């Protein structure tokens, strides 16, 4: 937001892609594998007009992330020229990356993590809905680290994935 | 946002549907006709967890709106118990409805207008992306009337539809 | 079929496109308009390996066909080097074109007419199913003029469109 | 076909489902798993009017088939009251099941095997195209065992899967 608290129509958002379900396709080997970042086509279909820079930092199932992968994501955020960052990420360890970012000095940036429970390549996927919500949250949420899933935006430090319903919710123990 | 400037995870958003391209289907008569509000299925596919109340106020192509239709939309907003309102609307006269709402006393509500250039029933539609963005803007944007399209949120009073590119932009004359 | 009554794996099928619902897209003007032949993308998604020649002869809603349009379709069939012909066609006057072809000397060709009740551009369309069925019928049905719709292949001279159910059926008066 | 060599509009086709890629969905566990037979929804979207009986005999990736699974498929074909049979099957061992059926006495039935390289649940899938082609082949091909894939119908005994292109072709060694 601008100093007046209003959204800035001239913002540039950096989209950091890391793989995850959103980027999976069905390969000739009969397995779901990570493909090129789905956001490029999703933004085109969404008729997006926000200036974005898409940067692919990792391309893995987030269950396979190691410390070096998370360090690369943190580095991409800290060195970004932009103040608004959207990260697409596998949902299984999304809160772990969120916690790492939340503990770091991000220079007053707004960082939003999003992803999908169904690959963008499926007929019925939450990818486009989440991307729209995440891109908007990256522009409007206050500085800090957020998770935009299921139409909501939650502080990363307070969110957990409730596997029984496949949704992100506030941690009831906080 | 809460008084602290942070999003409220317990908000209820009223979604006022009015027809428009987003709700069009291909009828047996070979015409695009307004169907049931597309938001219900889009929210389900999007795995939405925000509490919403969906209210169908009009079901028309927005080129066919008359003053009574717009009065009904205004009334729906002014009498809503919710502070956050999302309106789905045809794009052709979306800014006219926006101007009417902007001139009214909306009791400090955040009102976001959105829609789609391609019906939600098409294989490639901006509907889900816009709905995600609009629902997030309804939760995060300051009080006022906004247009959420193309990944951006613009003040309704400053936005026009640029028909040459099929996008909403800031009015260059403002 | 070959002389032995078995399908010929080396056949070439000519696909004559004429517009119709199958080729409609939602235009910036908010209308369904005839676009490029949908069969090209449908065949690619279907992973088609049949040698095909796609020839666009007309590009209209079949309700707008005049005698000259039908004459062009007949001419395309009669001058085709191939023995197997598939025609994509609007469903509203598909049986009229079928009758015209059926009354002509087609040189022992197998001619199959197909189309779609929902444009190929819709999320839920019968286009791919009909194209698969029509392409197979063009290879396997005996010489004559056929309508392949709804999973069935009917002699063109005996078929009518039952508008009450949106399907092609045998004419009960025959 | 009827005795006159013409397709019978009153035929009933038995569809034997066995799992395979066509029936896979993306599960909450992040894996592609076999779901309910996709043919039911595909036939509905295809506006199918052929009388069909859908029988689920196995529900596995065809790489996991054992002899008992194939025996069940053979038994389903041999005891079917119908003369026209369509089998949906994983593509990896589709020719093995084809060979087993081809060596058996099937009582003059026409048996067509089909499947998909991409699950029916994907945005871009060959499932509907193959199903239309397979259903038509089941009605029109002579008695015997056939593979309907890629728009073609090949004798099961002469077909192999060319994994380099993901298509079924005539065995060059025959």
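Read from first to last, the chains carry the letters A, B, C and D; within each, the first residue is number 1.
FYI, contacts are C-beta pairs under 8 Å (C-beta built on N, C-alpha and C of every residue); 3 or more make two chains touch, one makes a residue touch a chain.
In this text the structure is predicted, and so the values were computed from the model without any measurement.
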- Message: For the interfaces A-B and B-C, which has the higher count of C-beta pairs in contact?
- Response: A-B
- With chain centres taken as the means of their Cα atoms, state the distance from chain B to chain D in Å. 45
- Distance between the CA centroids of chain B and chain C (whole Å) is 40
- Task: Calculate how many whole Å lie between the centre of chain A and the centre of chain B, each centre taken as the average of the chain's C-alpha atoms.
- Result: 24
- Note on the structure: Contacts with two or more other chains occur in chain C at residues 117, 123-124, 166
- Message: Can you give me every chain pair that touches, using the contact definition above?
- Response: A-B, A-D, B-C, C-D
- Message: With touch defined as at the start, can you tell me which chain A residues reach chain D in the complex?
- Response: 21, 24, 26, 28, 30-32, 61, 63, 92, 117-119, 121-124, 163, 166
- Note on the structure: In the complex, the residues of chain B that touch chain A are 5-7, 9, 42-43, 45-50, 117, 124-126, 128-137, 139-142, 148-155, 166-170
